[in-house]
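Same chain, two partners: chain A is paired with chain B first, then with chain C.
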Partner chain A sequence: MSAPAPLLEVADLATYFDSKRGVLKAVDGISFTLKRGEVMGLVGESGSGKSVTGFSVIGLIDPPGRIAAGSVKLDGEELVGKDAEALRTLRGRRVAMVFQDPMMTLNPVLSIGTQMRLVLRAHEDVSRADARRRSIEALARVGIPDAARRLDDFPHQFSGGMRQRVAIAIALLHRPALIIADEPTTALDVSIQAQILAEMRNLVRESGTAMIWISHDLATVSSIADSIAVMYAGRIVESGPAHEVLGAPRHPYTKGLLESIPGEAPPGSVLAQIPGAMPSLLALPAGCAFRARCTYAQDACAAMPALAASPQGHAVRCHFPLEGMR
Partner chain B sequence: MSEPLLVLDGVTKRFARPLNTGERIASWIGAGPGPRVVRAVEQVSLTIAPHETLALVGESGCGKSTLGRVAAGIYAPDQGRVTLAGAPVMSTGRRPHKITTRVQTVFQDPFASLDPRMRVGTTIAEGPIAHNLVERADSTRYVASWLERVGLPADVATRFPHQFSGGQRQRIAIARALAMQPDLLICDEPVASLDVSIQAQVLNLLLELRRDLGLTCLFISHDLGVVRHVSDRVAIMYLGRVVELGTTAETFARPIHPYTRALLDSVPRLARDGARGREIKPIAGELPSPLAPPPGCHFNPRCVHAIDRCRSEAPELLPVAGRIAACHRAEELLATV
Partner chain C sequence: MVGFVIQRLLQAGLVMAAMSVLVFVGVYAVGNPIDVLLSPNVDQITRLETIAAYGLDRPLWEQYLLFAGRLIHGDFGRSFIFGVPVLDLIFSRLPATLELTLAAVIAATLLGVPLGMYAGYRPDSTASRVIMGVSILGFSVPTFWVGLLLIFVFGVELQVLPAGQRGETATLFGIEWSFLTGNGLRHMLLPALNLSLFKLAMMIRLARAGTREVMFGDTVKFARAAGLRERTVLGRHVLKLIAIPIVTVFGLEFGSTLAFAVVTETIFSWPGVGKLIIDSIATLDRPVMVAYLVLVAFLFITINLVVDLTYAALDPRLRRGGAR
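Our next item is the complex of A and B:
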């Protein structure tokens, strides 16, 4: 089986933030690839570096942050080191982003129609009428009823779920090859989350768009992702096909995360818990960053384990990986 | 059955949206629509038995937190009564206030619920000293014992909240509530703002304290996984009303009300075998505005089983197969589970 060229190739990416208290290594040498139409779940707790990874891919790292090393290739084209102008022609057109809070990304004083027209005209020469027609199509595609009328509404006139749909419609306007979705359903109610999940899944399937779905919620990720990468303290500790990572986790951290989800365990029982908390990124221990919380840790863990992959593409960064914990 | 500890009897809580200038002028000259009223909680009756945990479940705007605050003596109900072990939780009169110390609350956001300028020890000791649960001279030891109970070292007392992570702050908030020696602990989304690995730690702590101290809990959450794990009984709320009430095990296994069913179907479950595409069945439509809830059963515009009667007549909470549900078609639907 010859592998087609990947859409996105991230290699040894490192994003650091310079602070008064030292260099904060938010992302410290991560590598992954994404095929066309593939949905990758990027999972981790707060401070794991999952959002900064998304921002780095789309070139949204501003000082004091900097991409310290590594490469991000979209369709073979290197993005790291490109100037702001070149990145701007790419953002919104070939790569789009959907954020957690649509109220922060939509302009409160412009109507939705105006905002969508601006997005279209940023990359294409479209007439007013064409822009309107395409905006209505995009809104209808994400399930906004009565799209033609709602185009003249302002963001505050939409509910939280509808606002997130608008943000998704804007992201889809230029039919990007890649969407980065950063916790897009976290702020929404369960019933609305279910609607958006189902719609996003259909949209990327129909359009062949690849997606990085950033989330702390393994259950949500499991319902949309083809592959999963688990991040801890700036590094990928486990990655692979979703059924492998969730069904047979090999890193103790992944296993701990899965077991600590209530709803899996018998009601009222003591939940398996990961002791302690994520270490400060300014004071990471040498070697495996998880070792202080790990029940399997041994002396060897003071040296950084390499990310080793199985033939099925199931990779784990651990000296003592678990065997088939099904 | 023993006497219930907490009784909520026909509780209604409304909030009026203040009028803007134009509307005020309009109402002066008699042309305005009058104040717009949200019925956050409408005619809710619930009881909680001693040592029981009742969960209140629903989406944002369903009134679960408002009901929790009425039970906690933070809001006075507009109608109805709240009693704890037979005694009223709030005084009556023009300015009702809380008159019991036996109900305490743990709030969702430990960044907002702890005074940033007060040392942790002072925060925890303040209530017990004011209510003579402990002598001031003895308070350091008292605080240390509660900190230990929630898994924190005694020297935490001399520090400020900003020096702690979310999970540690929530432990401090739990210690503050428990130091008042409550009979009823109200937990309003206590783990919603915490990371998954920390969530499990705090849930385990709550379960352990509940068992050791014999606490009764009202547990408010939108997270059905958490609710299934911690509660004995569950009340499902929709737009200010309880639509279903039953034991947690039965309600999750055989939900009666169409809203309960839809809610359970909406929750993404962990598909560990990679059975992606396992159907999430979203509920159609959105929560209606609580300013103008639909007539009849509030859920009828989104309900696939709605009939004409549901659009005109609000269903009462009635017993169905050992539980209670507010649905005109409960009996029929139960047969289809």
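Our next item is the complex of A and C:
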């Protein structure tokens, strides 16, 4: 047996959007790998490029966006530059995606059964009866009670949590090797969030599916991810095994994010904030993009630091990385 | 659902009653039909007799009650001019207008919706710009002018299509239809084209606006992420999402064209109800005017009801007792 090749290999991926005011570098040279069955948390605030990364991987960047450079390899097969039809046959079958708000993603005027059948038929020639049977199985798998009867229901007849389960069932229909979950619990109640989180963790574990869990919420990421990559202004600023990144953050930005989680602070105390806002992606400063908000910034930060990894695979893009242990 | 329909039918009855009063009073104010019916040199006795014969000597409210009483029994009265029952007159003309209108509205929809969806799907392509240019023309060029142009080009210069009348007809359900014969279809082509241009323009705009909005939505993103073919995304997801405004406009346009295809029918001497109403106004043929306008009100109410029922069929969220 040879060493297992990574399922997903993203190298120096850059996705730019051409706008009237210039080139918006939403993703600017990121690299990561994902093993089979591995769950990676992709963390960052709004506009950091995490969602665009997800869409870039499945080839769903619409003009004016474009993948400007880099490579995305799934099972060693290069996806960047593949034609639209080849990418389509890949989507939903080998890589599936779950979105934030199931109220918006499911079509309100088609029954769940119809929507699932359309997805099945996108990749396989299935009869109506087979489609029905497989859809019921998929719904039952994500914990929807009375799945056979609910198949003819419409999205508005489900509760928020049930709707997201339906979306997850659709994503799992073709048993993909990779699921990209773009903030799948953000639109849900906190109690439902925990359920869905546990459900997805079990589902990917059982089926050996790898997952990229995109979120701005470090708390949920920490409970599901094996590894974590923190993005800031289109670049990965810190990555590594989840326990390393969360337990001993080395980038000041990661540390700031962790300190702004309520769970860690004594009740009643004012939560720490990261001062300022992310710079415009149209006019990124030279050097470290975080330096204007960083309390540790020095003159050297005007030059872009490299992403330097420790032997344990804990990488950080900082001239003055913090020394472990909080 | 049954309750809903009954409720709407009761509303329809009220609207029609109100409409009949409005129309009756309005038509009464337009002028005296006796002046048209009789030549000016008729003697005074004949004149009074005629007035009495038509019941025009009674007060307005009494005339209305008599009219309403007959109406309840389905009797709209007789035409002053033709001397035949008004309903017979209208229904002898209605099929001509009905087939012309249906042809125009259906053609406009079947052509306009795909064109509009394409223009919304690929807004920057050359084809889309051409489509949108055509739709602006369809909106802004007056119908009568296009009609004259069509007659001039196809009827007079090229002499490829007939420019007037219904042509041969065939009988179906005891009614004469032009669309059942080749010759009749050829006669229908130009007036139907003339009528459909404006509707085509509107359908294009509606479909384009709807498609543009839906294409950026998460539903399309999710469908694409699941690997659906673009034509499935457009044909199954987008079409159904943009259907409601299209059905609305289809209904309204169908109704208003059916009632007021006057200009086109006049230009192409198409013997439909539009021409009938214009003629009856010119001759102050009150019973025809009143009956026609009350029927138009009924038509709109019926169409709106059908449109509402179609909504429920298209969008499950509008069905009663749906949410669980």
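The working rule: the second predicted complex is superposed on the first by the 321 of 326 C-alpha atoms of A that agree within 3 Å, B and C clash if a C-alpha of one lies under 4 Å from a C-alpha of the other, contacts with A are read in each partner's own complex, and residues count from 1 in each chain.
Convention: a residue touches a chain if its C-beta (ideal position, glycine included) is under 8 Å from a C-beta of that chain, and two chains touch if they have at least 3 such contacts.
Since the model is a prediction, treat every value here as computed from it, not as a measurement.
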item	value
Chain B versus chain C as contact partner of A:Leu60, first or second or both or neither	second
Touched partner set for A:Val119, first chain B, second chain C, both or neither	second
Residue contacts with chain A in the superposition, chain B compared against chain C	B
Contacts of A:Leu90 with chain B and chain C, given as first, second, both or neither	second
First, second, both or neither for A:Val109, with chain B first and chain C second	second
Doubly contacted residues of chain A, that is, touched by chain B and again by chain C	none
Residues of chain A that touch chain B when the two form their complex	45-46, 159, 161-162, 189-195, 197-198, 201, 216-220, 222-226, 241-244, 246-247, 256-258, 260-265, 267-275, 277-278
Touch list for chain A against partner chain C, complex	58, 60, 88-93, 96-97, 99-101, 104-111, 114, 118-119, 121-123, 153-154, 156-157, 167, 170-171, 173
Chain A contact footprint on chain C (complex, rising order)	217-219, 221-229, 232, 236-237, 240-241, 243, 314-317, 322-324
Residues on chain B engaged by chain A in the complex (per definition of touch)	59-60, 165, 167, 195-201, 203-204, 207-208, 222-226, 228-230, 248-249, 262-263, 265-278, 280-283, 286-287
